[in-house]
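There are structures below to look over.
Shared between the two complexes below is chain A, which has chain B as its partner in the first and chain C in the second.
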Partner chain A sequence: MNRRVLRALPLGVVPFLALFVLWDLAVVTGWAPESHIPRPWKVISTFFEQLVVPFAGNTLLVDAATSLGRWAGGFAIGAVIAIPLGLVMAWVRPVDYVVSPVFEVLRFIPPLAWVPFAILWFGIGAPASAFVIVTGVLPPILINTYFGARAVPRAFIDAARTLATPAHRMFLEVLMPAALPVIVGGIRLGAGLGWMSLIGSELIAVRSGLGYKIVIGMQTFRPEYVISGMVAIGLIGFAIDVTTRRLEHRMLLRLGQTA
Partner chain B sequence: MSSVEFRSVQKRFPVGDGELTALDGISHVVPGDNFAVIVGPSGCGKSTLLHMVAGLEQPSAGEILVGGQPVAGPAPDRAVVFQKFALFPWKTARENIAFGLRNLRVPPAEREATVHHYLELMGLQGFGDRFPHQLSGGMQQRVAIARAYAVRPRVLLMDEPFAALDAQLRVVLQENLVQLWTREGGTVLFITHSVDEAVYLADDLIVMTRRPGRVKRVFDLREVNARLGWRKRPIEDVMQDPDYLNLKAEVWRHIKEELAQ
Partner chain C sequence: MLLLWQMATAWFGWIKPLFLASPATLWDAFVTSLRESYGGATLPEHVLVSLQEVLAGFVGGVAVGVPLGVAMGWSPTVGRTMSPFFNTVRQVPPLAWVPLAVVWFGIGFAPKAFVIFIAAVVPSTINAFVGVRMVDRDLLNAARVFGAGGWRLVRQAVVPSAAPLIFTGIRLSLQISWTTVVAAELLASSAGLGFMMVNASRNLQPEFIMLSMAMIGLLGALMTQALERLQRRLISWEEPPRE
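So, the complex of A and B:
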């Protein structure tokens, strides 16, 4: 695995290098005005400079931490609502009939479309942003929990029933572990979508964080700040995905779901 | 000890706006401590019949008695070995076998001893801490058999337990099962579509018709079995036995009639 990553790495770097060269050429030849697109090295130096020098009120690290904290909070709220709700919908018919139609409509409203509503409701600040993250996190976790719980193989339930399994053990040791692989897949999707929704909300709803930083970069006409902020967002999103993917893999192994 | 008695058992399923009769007028008594094998063409409802004995499904009419008591829902006195094993993939072999015992609140020391006993009997020593996906198909089914036997069922229900295994493994497991049963006793109700398997294993061989499933013919093999000692001999030996071959041909003729119609 590690050796494969090492071998793939040089090839993975090629497109970035090509992009940098083309980008720099475009600026140097005057095809793209430097006032709109800074040269790549300037973005890189700005990125590192911001680690210590504040911009839009905070250093990059502080803003990244702020954003991550918001993401974690919104993600936790979303998961805490979505997982029990999904389980109940899967196993209690009337709840399914009541909630499903509403949810089927709501889930097609993208998190960004919730931003104006969130601001009207909560005003500018963390609660508005948390609300928007929840709208991103909730649907994938809910959908996966629902389908994961419904798709528990009949044979596991039958086997447990013939072995006199009490209700709590049926839930904790049969239904949950059987549904968990699919639920965890939803958690991974939700984590990524939550991060993207958060940045969307930060463009408008709050006065700090990585999203706010790139908006200020735009307003003060400092594209190097906009782009370095975008790079930070991409890197953190990637890190979130790698982490959740690893957790998912480990959990699947533990649940005996991968050969 | 515990007999299984079918009294005019019928099973209907709703299909579209009509009904499908899967089983009709099943009446038969399997005496206690007998190894009963039900063989029939696919779709004859034999699995449904077994699920009804397990209490996982209810008859539409008639009743099923186990040890003289009507079946009311699933219980470990009628443990099931499923065709696709149905082991819990997130539990080790040991935890799978111990699962029913924990539900029955068997004390830990006794539980450990029982699990150990069955791991050994099934030739699974050293594999107790493996997860099902780390075991071969044959071993998985041994764990499933051990899990069912561990709760000391009065009747062991086996739903085509070897159908998912290759032919060679199947023979080994059949011998294994016979050894286990000879040792542990109890009533066994075994479903299969393999005539070979049925004739080798059965005291009581029940041939079913195609749908709607009815009892077509019952062979009492206790006498033959006792006389020729099939189950005490290696399977390859039995397969040469003229009595075995004749019987197999006869059972097969009955099945063929059903397939041809």
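So, the complex of A and C:
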């Protein structure tokens, strides 16, 4: 085929089309049982139907709002703990010596492995889910804040010291702004991981939200609900990613440090 | 730390034993589970189940992801064809695939291997793609001058210079495989470390929850280290990029 023709074709559509055609063919020819894989149009109609008709207790929109709210709460808690802790760890030696080894050990435990403890400590419900989200959000923000604050040029600190800057202003007006570009990167990573942890925790530890919806779809053996729930989860995850990327970009622009 | 922990849980009873096990009970749990069955299997058997699932999904994910990423990075046509699809599918977190995998494959080895495969493909593909894209143009032109073309160019110039990033992708794939297996086992399984955890949580035995968490952390750390070492050995011509 001619190169120019090739370049003009919307090639990105091909795999989607191929997927839909193969998927539909597999069901129609009976190769895949329809009870396991519903036809594509049924998934799409289920997705829109769920916007008004409740499944597993709520409509899709209500569950999406619940999940997003939970994510925002857990994310806020994680950031509020991680940023000050990271700054303090970077500049107060004893704190670093105590927290770092604990953190080094805990960081190899995946966030979802906290679910059983979360249930044991908080019972099934929103607090357990929030706890799991925090364990997902905290590490990337903490690590980035720590290394960001560590990389602040010595001269800034010394200059501030000669001006007899009090400790709280040192943190808020010297360390924090200088480390901000790196911290923002950690916040973006934390936001994504937080969303993943939230979905994971909702599969087990709570009785509402998008994760719970797909589990009920699984237990009642209705794959069309599972798949349309997955689509909603993917869409929101995508929205979170785009928003945080944009925020990061804008903040770096304002600080005059485009990466 | 260890002393404080033992004091808080066992000697002074600041924390109820139902919430957090003391180091001594944790050690007891470890020793007994080595020989006696807990939740249908001994500790080494549970570990083996999880390891097998991780290995199958991880190897599959890398075997598909690296060639896919290299192809997408090397050929603009393949890149334009696959990128939108790949980027759409990867928006769904691997864990959200668990319920569907259970509907399709039931409970056991297959659904976990499937979900881990999906999780492991992503970092391998992305890093291979970026690695190939970042290969030095001058190097490629030099190789072309010496008559390398097509397949030989990819194999002898592109892949070696993209190798550090490809390897980083493989390492990230392993990490996410390990994270995913635990979660998948929490939700639907009859053996493995994640299952051990659920079982312990239902029976209110914090010492067994902690034991499985410790095993998960330990094995995760060991595997990452082993891969880092392998990376240094295999790609001796370049320093491994730090995270």
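Going forward, the second predicted complex is superposed on the first by the 223 of 259 C-alpha atoms of A that agree within 3 Å, B and C clash if a C-alpha of one lies under 4 Å from a C-alpha of the other, contacts with A are read in each partner's own complex, and residues count from 1 in each chain.
Just so it is clear, contacts are C-beta pairs under 8 Å (C-beta built on N, C-alpha and C of every residue); 3 or more make two chains touch, one makes a residue touch a chain.
Bear in mind the structure is a predicted one, so any value in this text is a computation, not a measurement.
A.B. asks: A:Val184 in the overlay: touching chain B, chain C, both, or neither? Say first, second, both or neither.
C.D. replies: Neither partner.
A.B. asks: Please work out whether A:Leu138 is in contact with chain B alone, chain C alone, both, or neither, and reply first, second, both or neither.
C.D. replies: Neither partner.
A.B. asks: After lining up the shared chain so the two structures overlap, which partner does A:Asp158 touch, if you call chain B first and chain C second: first, second, both or neither?
C.D. replies: Touch partner of A:Asp158: chain B, not chain C.
A.B. asks: Looking at A:Arg169 after the superposition, I want to know if it touches chain B, chain C, both of them or none. Which is it: first, second, both, neither?
C.D. replies: The first partner, chain B, only.
A.B. asks: Where does A:Leu87 make contact in the superposed view: on chain B (first), on chain C (second), on both, or on neither?
C.D. replies: Neither: A:Leu87 stays clear of chain B and chain C.
A.B. asks: State whether chain B or chain C is in contact with more residues of chain A in the superposed arrangement.
C.D. replies: Counted on chain A, the partner with more touching residues turns out to be C.
A.B. asks: Touching A:Arg254, do we find chain B (first), chain C (second), both, or neither?
C.D. replies: After superposition on chain A, A:Arg254 lies in contact with chain B alone.
A.B. asks: I'd like to check the shared interface: which positions of chain A are touched by both chain B and chain C across the two complexes?
C.D. replies: Shared contact residues on chain A (touching chain B in one complex, chain C in the other): none at all.
A.B. asks: Which residues, counting only chain C, touch chain A once they are in their complex?
C.D. replies: Of all residues in chain C, those touching chain A are 1, 18-19, 77, 80-85, 88, 91-100, 102-104, 178-179, 182-183, 186-187, 194, 197-198, 200-201, 204, 206, 209, 212-213, 216-218, 220-221, 224.
A.B. asks: Would you tell me which residues of chain A are touching chain B in their complex?
C.D. replies: 153, 155-156, 158-166, 169, 173-174, 177-178, 254-259
A.B. asks: Would you tell me which residues of chain A are touching chain C in their complex?
C.D. replies: Within the complex, chain A touches chain C at residues 6, 11-16, 19, 36-37, 101-102, 105-106, 108-117, 119-121, 195-196, 199-200, 203-204, 211, 214-215, 217-218, 221, 223, 226-227, 229-231, 233-235, 237-238, 241.
A.B. asks: What part of chain B is in contact with chain A in the complex they form?
C.D. replies: Going through chain B, the ones touching chain A are 51, 54-56, 74-76, 78-80, 82, 84, 86-91, 99-100, 102-104, 131-133, 147, 151.
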